[in-house]
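Common to both upcoming complexes is chain A, partnered first by chain B, then by chain C.
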Partner chain A sequence: MTAATDFPSTKATHLTAGAKAALITVFVGALCLAFEGSAPWLVKWPAAWELPATEWVGTFLDWFLNSIKPAMRLFSDLMTYPMDAANYVLGNTPWPILIGLVTALGWYLGGLPMAALGFIGLSFVLASGYWAESMNTLALVAVSVPVALIVGGAIGILANEVPRVKSLVQAVLDVMQTVPTFAYLTPLLLLFGFGPVVGLIASAIYAAPPMARNVMLGLERVESDIKEAAIMSGGTRFQQLFQVEIPAAATQIMVGVNQCLMAALSMVIIAAVIGGFNDIGWEVLLTMRKAQFGEAMMAGLVIVVFAVVIDRMSGTLATERKRYDPRVVWAVLGITALFTAVVWSGLPDPSEITLLNPVAGAMDSGLTAFTQANGPWLDALKNNSMFYVLLPLRIGLDQAVLPFTWGFQWTPGMSYGLFAAGIAITALMAWRGHLTGGLVVLILIGMLETGIANLPWPFVLIGAAALGWVAGGWRLAALSVGLLCTILFSGLWERALLSLYLSGAAVFSCAVAGGLIGLASAVWAPVWKVVRPICDMLQTIPLFVFLIPVLMVFQIGEFSAFLAICAYAIVPMIRYTRHGLVNTPDEMMEAAISSGATEWQIMRDVRAPYAAPTILLGLNQTILYAFAMLVIAALIGTTGLGQSIYLALGQADVGLGISAGAAMAILALIADRMVQGFAEERRKALGL
Partner chain B sequence: MTDSKTPAIACQNLWQVFGPGADKALTDALSRSGNDADKAADDLREKGFIPAVQDANFEVKDGELFVIMGLSGSGKSTLIRCISQLLPGTGGEIRVDGENVVGASKKVMTDLRRKKLGMVFQHFGLFPHMTVSENVAYPLRVQGVSRKERLARAQEVISLVGLEGRENSFPRQLSGGQRQRVGIARSLAVNPDIWFLDEPFSALDPLIRRQLQDEFLRIQATLKKSIVFITHDIQEALKLADRIAIMRDGKIVQIGTPSDIVLRPVDDYVREFSKDVAKGQHAKVASVMRDDSERGPDDPGLTTAMTLDAALAHCMELYEPVPVRDAAGNIVGTVHPSDLAAALQVDEA
Partner chain C sequence: MKKLSVSLLAMTVASSAYAADMGAVDEPIKLAINEWTGQHVTTHVAGEMLKAAGYNVEYVTAGMMNQFQALADGDIDATLEIWSSNVSDEYAKKVDEGTVVEIGDLGLDAKEGLAYPAHVAELCPGLPAWEALKDCAQVFATAETLPGGRLVDYPADWGTPGADRMTGLELPFKAVPAGSEGALIAELRASTERKSPLLITFWQPHWAMSAYDVQFVELPAGEEACFNDPAWGPNPNAVNDCDFSPSRIFKAGWSGMADKWPAAYEILTNYQLAVEDQQPMMGAIDVDGGQVEEVVATWMAENEGKWRPVVDAATQ
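Let's look at the complex of A and B:
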């Protein structure tokens, strides 16, 4: 026998890990389908098996929160002083002075471009008529950011100094990153009651982790030679840390400051949902509820302007800075003071400035005209996407295909036909040597027939275990199953599947669209020139603002939520795909070119495989972004865990809020670990 | 003060083992093997530990330039970090000026570093946020020396390394060679007795490297520090060293003068190193000199400190033994021209 004929037979007996896992999953899925009729408990987790975990969590937390309430109330009382002070200062400083200060700061940080950005940005805010609301928002940020910086910095330093604390801190930060923002709010509400302090504390809690993370990272990355030089200079640990390591890590720490600022702003605006404070986020919410979309858009733009100004200015801290002439700073401040002194009495109250009201009005009417003129088309887009894509994904072809929408009724016969076709494709692919791929196709067809929300729980568990095993071995498989079981027992399973469906659909769309855009950006530089500022903008905008445009055009509903999620979550996919593809080492490219490969061959055989780990990391980020947005999107109509978290907030139901938040965190965590596992494997395979 | 009989540094049975619970593992391995270092090291490796330094024994005399040479991964950087206590040694004894530093308290070590030790790093280890003067003055700053005083001292050492005029530059504005001059200046700021240099010139271009080596020798000629110098470059080791220790896989395989290493390598590993070395440029006449007084009539004027190459050039036409003189001009021995030639031929066979 020749080696060539030996090959298939050894391959058949030694299945790859992926093929084994897929086979088991297919087997379990088939079993579930077969016994669907006789054993309904296989498909739907019986309510009798559920534990009242949500109530337990609620009772425990109620007890716990109530016991620390006095201390927390004291803290919140203390926090009102700096808050009132910030409010008073920002609210009563004449606006020309503030604009002048920001312009001068812009010059100091980044020269003319930053000064112009600050001046134009704040002028826009002034003209929009939302000056007072903006100052309230800014006051919250101004108090929460220092708290977050100090707490985050202290945690980062502590983790650096005490190795045993480090892994714990890392784990807590990981979890905090995946727990949805609204979930923080419910317990805080219970602790602090309604009011601005909740927003303040929520934003400090939300903004501290990026600071801690960057401090840790920065200190870790200080070259060992520099650390050792500090030791050999005879510095005490305190001297080493504060005189050498922290200053040497300044750039990374400034990245943390930037992220901290952005997170605080984002959270302050989200916290408007619980109200009690006349800030700009509240304004957006109010106008949105009244369907005054022009005004909502305007208020949203004010938020965007703030985000851009804060982000770009603080971003200059993290780059190597030039020194700009300080005389300009004094000149700007001098002119401002002079201007204010001379004309202040004649200046209008900022809230009476309505320069942009006509614009808002025009936007409103223009939008109405647009939706009216394009109504049929937009409706068709929305309905078609719902009926032919989202709904089948959610409840399966067997339930989604109805005479009313598809023009015919789904019959069991069609299911058999579909499965038969699936098996045929699998067999064909297996024959061509792609057994794993074939099995995955079969699994996907089965999921489409059943619908994600109706997937039998044993299938989901086994599927997750199989994926986990392939991605990261037994430990990841066990972790996935264990965590999923907690959701199963807690009675949040159906809602979790609904969340999984919507985020899954969004992630899939983002992966395809973002991947293609990333590819195009990598191949044609002009595309990237257009895409890049859009990506920058999308990443700067606070989550909340994404809801306004989709709501304006598509009203409340799952499709709007889907679009909002996609708009936010697509960015990392684009960025990482491009980055991975562009950063192929020159030597590899030169080797491929000198081997005579065409552009397309280089892309397929060299650049794409090399970029695979990076692209997987992008996918990972996209998943996390999608989960983050899912909860925010609950404001405009999603079902599932996001909705539960939002409802819990309204009813101050800590148990539900925290349980649903934990469930979302679990889903995000599992997805994160699996994708990371695959990325790690690819990296290892490439020897990176 | 240092007594000339007390070595500046003395290492005895020094071990550095990496891995969880290395201390106990080392004690166990040594007792199992009956204190046989090689067996213990193999034993440790089998158990998944990394014996980066095994059973190092050597002394650095006062004012001596001691070079530790080896390939990357041979443990030389770990060894110097043990001596400077950047790593706590796993076993053995390190005496700095007669004082055991293994297990010394933080305070003792900080004191020692402030007064007696200076160190230069391969990648310079300059503080990016400080100017050249601030970098150089930092070891004085941590001791609380006043700003005026420490900047004045910094100025002195900056002149010593030839960096006048760059005092207010930041490290990023300097070339690699200039950066290492700053590193050298900083390590000398407190005027230490013992000077550690961890591959100080390895990250530099060959030309700059040679320039700095020469300056280093010039500085050492005036300062007379006791030096531990790490390198992976045999040429550098031979050029600078009073004595060389060659390391391999955590073990010191040979300690000797440059001539010893070149002419009398203990094994193939050391021989491999000296293969590319033009021996005539490093070995001195003294290494082939004999005591007998039977000489021919010619006196080509050989001295003990002459390199073999130079000596051979003087004896091209001679076949009879010739006299050798010391620095003072007294005849101290005899060299056979055939021995000169033979010494240079050792490896050619």
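Let's look at the complex of A and C:
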């Protein structure tokens, strides 16, 4: 299991429960190894035992979708009105007016820096030549965000008013965020008909959960004396809620609005896959199809610019109360209107502006020069990573060690030797008092010998159950096994293991590398100055853009997919590690300093343990990000669940798409719950 | 799909004898714009022809795989370049439902096959003859495929024609699905720039054929018998031991189109575009950086004889 590779140490340090769980896992693993030869069904789930679950899902969904289709089509027709209106307004507003408006708004919210950000950002969009497409994108966001805000807000209030549904609502929100969007594009098309409305719905589904979560959190945190005051003044429940509690929670709700905007924007590119709308996402797809890195990067940067401008402005709206002089706003608007009126007829059509084409060309040829100059060592890097790390992880040492790769052939004798060494290490560690740690080492050695894709299913189930039990008790163990069984019976098991292997390898690398970068950023401020903008860009630029250079350098295959996943999933690890390490409470620091601890001792004994829950939360996010990216990495050519989702999208196979999407969400959810279980435990240990 | 084309061909022949009714001229005819340049050229030429006949035309971007639901609902009225080699199953479903109809071949003479950038012939002497691949598999080997060579195949959702050839011809290659067209192009580009070996499943007409000087491997002719009869071809024990079956490129429309715009339906049905016309236009756009509208307008002005008769036959 992924999580098993991630937390040997957490499991090892305490808990006899951990030792018990590890012992059971080792025992089942040994049994599976022993009977591997005589009972092949242990390794490969026989096709005869599979239930045609994807077909059932497909049949049921077809029936269900067709029965609610008329209502949804009506909704779709209704949505075209605001959509067309937003499109008309944004498409026909002269560009100087729009730039002026954003600049003025920037001034009003955040003074000169914010005004400059708005002005420079939109000027870049204009110079890139993608103005018309950008306006289409903005129109989509402008309609989908209010929908997401209303839906998210309603869900949040519902969960607040009816506490019984709270856990159900949490589960629904998790599903909305973890099932890959590509998986439900086909049913959405069927329901809402072709066109931008589908993109709108898809991005609203994805953007609503952050709003709902923040509304719930905000309402929960309203001080009880405020609530009591509202009750005493005799307001109805409705009045209490809308006139007292929601205003009191406004700051937290604004954070939700900000997150909702960002989520909607990041969804734009995925909605473009359907088409129906000549937006910036479609432009990225077209250039991506031609492998034009420079152009794709330009179109991608337009989205980054929007994301940064919207994020900073809505962020200021959420946190700062200060507003700047409105007279400047009127002055800016006046100048804009005057400018537009005087020179409008002489201004060029924004789609004919090509100021940045040379930059795009330069980026493209730069990439060419780079691959040409660095071919040999990049190939060597790729081959070594494949031979010595990724291949053994996937198919195990027994199959990956060949004369072509390692220079010799793996023999059964070597396997015995490896296991004997593993047992020796375990015995040694048990003798030193680290029984759990030793057993985990043994499990890891066994997994490396077999390979994640060849793990026997009883071992995976028992391992997940054991890990779930340690992390969150019997309920989590039962939940993990139950959910994994649905994957097993649906016949997606092999593909799920492949996905697990790829995302597991990526999560592990991100945890190590991201942790180290986060540590460096926490200790040394200049590092963070460089790392932070890179993190911002990696999170907002459409990920498709990165596929081109990765492909050009490392070709189609798992290594490229692995790198693409890492590029995206490493960001939360860096951010949370740094955040956790930097924000140690002052009194703890003072206590440590006054007791004469060195800088290094403070880091190891005070900051790191205190930051552990935050870092675990970062790991949790990294896991979710890695799974999200798995679908996009399938465009490079991977063979796991991501590929199934594309196959389903291509063939309009609703059953396969939803089943594969659900399998992916299941893996992500189990990993998420386990990490949260461990984080909770740490938090309790720290008394937080 | 074959049974359909026969019945539709009959309809085409029957309808082309007289001037058709124009139908709802005020409402725009919506044509699908898919993800690739060749299709943009095809669609814009058709759109200009409809405009010349007096119609309003609207171009709607649509994902190639996802457009058929829109076509069935009448949200899009016609899509003009469907490749039989990678049409989604949904198309067949919609045709069975009767909501989408095929409106004849486009006349583009497509070829698919195993291909390589020209410089690879130096790395594997004996190309383009397919037998050469038996001995050079090592040259194409990579970490994922050792000890076999690596063949970059179509994305999985387009089928696995490359892998089928490798099995049929017993070539020591492992097919790796590309994931997307962009991935195929990136491979071609990287191989050309780095002079590295590459065997790839590819097709023409495509702008990259000339941009990266792509050559096809010569395989035994793809006859019907090869796909059914193992005894046929160089490998007596397997089918698919030959070239790709020729793929058909055709057009499809919303089923209500014939009644709503009879003349436009006739124009689109009879519309033909040859590779010799399409490929230079693609080059002018993708290699020389022209705008599709301008390139098509130039071609329309210079080649009136190729399209005007189709418009006239339907309207006069």
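Keep in mind that, in the parts below, the second predicted complex is superposed on the first by the 631 of 688 C-alpha atoms of A that agree within 3 Å, B and C clash if a C-alpha of one lies under 4 Å from a C-alpha of the other, contacts with A are read in each partner's own complex, and residues count from 1 in each chain.
In this section, contacts are C-beta pairs under 8 Å (C-beta built on N, C-alpha and C of every residue); 3 or more make two chains touch, one makes a residue touch a chain.
Source: prediction; values computed, not measured.
Participant: Quick check on the chain A-based superposition: chain B and chain C, clash or fit?
Facilitator: Fit: chain B and chain C sit side by side once superposed on chain A.
Participant: On chain A, which partner's contacts cover more residues, chain B's or chain C's?
Facilitator: It is C that touches the greater number of chain A residues.
Participant: Taking CA centres, what is the chain B/chain A/chain C angle in steps of 10 degrees?
Facilitator: 150
Participant: Identify the partner contact of A:Leu402: answer first if only chain B is touched, second if only chain C is, both if each is, neither if none is.
Facilitator: second
Participant: Once chain A of both complexes is superposed, is A:Gln643 in touch with chain B (first), chain C (second), both, or neither?
Facilitator: second
Participant: Just to be sure I read the superposition right, which of the two partners does A:Glu558 touch: chain B = first, chain C = second, or both, or neither?
Facilitator: second
Participant: Counting only touches as set out at the top, which of chain B and chain C does A:Ile274 meet: first, second, both, neither?
Facilitator: second
Participant: For A:Ala250, is the partner it touches chain B (first), chain C (second), both, or none of the two (neither)?
Facilitator: first
Participant: A:Gln239 contacts which: chain B (first), chain C (second), both, neither?
Facilitator: In the superposition, A:Gln239 contacts chain B only.
Participant: In Å, how small is the closest CA gap from chain B to chain C once the two complexes are overlaid?
Facilitator: Here the least C-alpha separation of chain B and chain C stands at 47 Å.
Participant: If I apply the document's touch criterion, which positions on chain A are contacted by chain B in one structure and by chain C in the other?
Facilitator: none
Participant: So in the complex, which bits of chain A are touching chain B?
Facilitator: Listed in rising order, the residues of chain A that touch chain B are 223, 225-237, 239, 243-244, 247-248, 250.
Participant: Can you list the chain B residues touching chain A in their complex?
Facilitator: Residues 81, 84, 86, 106, 110-111, 113-115, 117-119, 121-130, 138-139, 141-143, 183, 186-187, 190, 196.
Participant: Across the complex, what residues on chain A touch chain C?
Facilitator: Chain A residues touching chain C: 185-186, 189-190, 193-195, 273-278, 282, 285-286, 288-291, 368, 371-372, 375, 382-383, 386-387, 391, 402, 404-405, 544, 547-548, 551-553, 555-559, 634-639, 643, 646-647, 649-653.
Participant: If we count contacts the way the header does, which residues on chain C are in touch with chain A in the complex?
Facilitator: 33-37, 60-63, 65-70, 73, 75-76, 88-90, 93, 141-144, 146-147, 152, 155-158, 176-183, 185-190, 193-194, 196, 286
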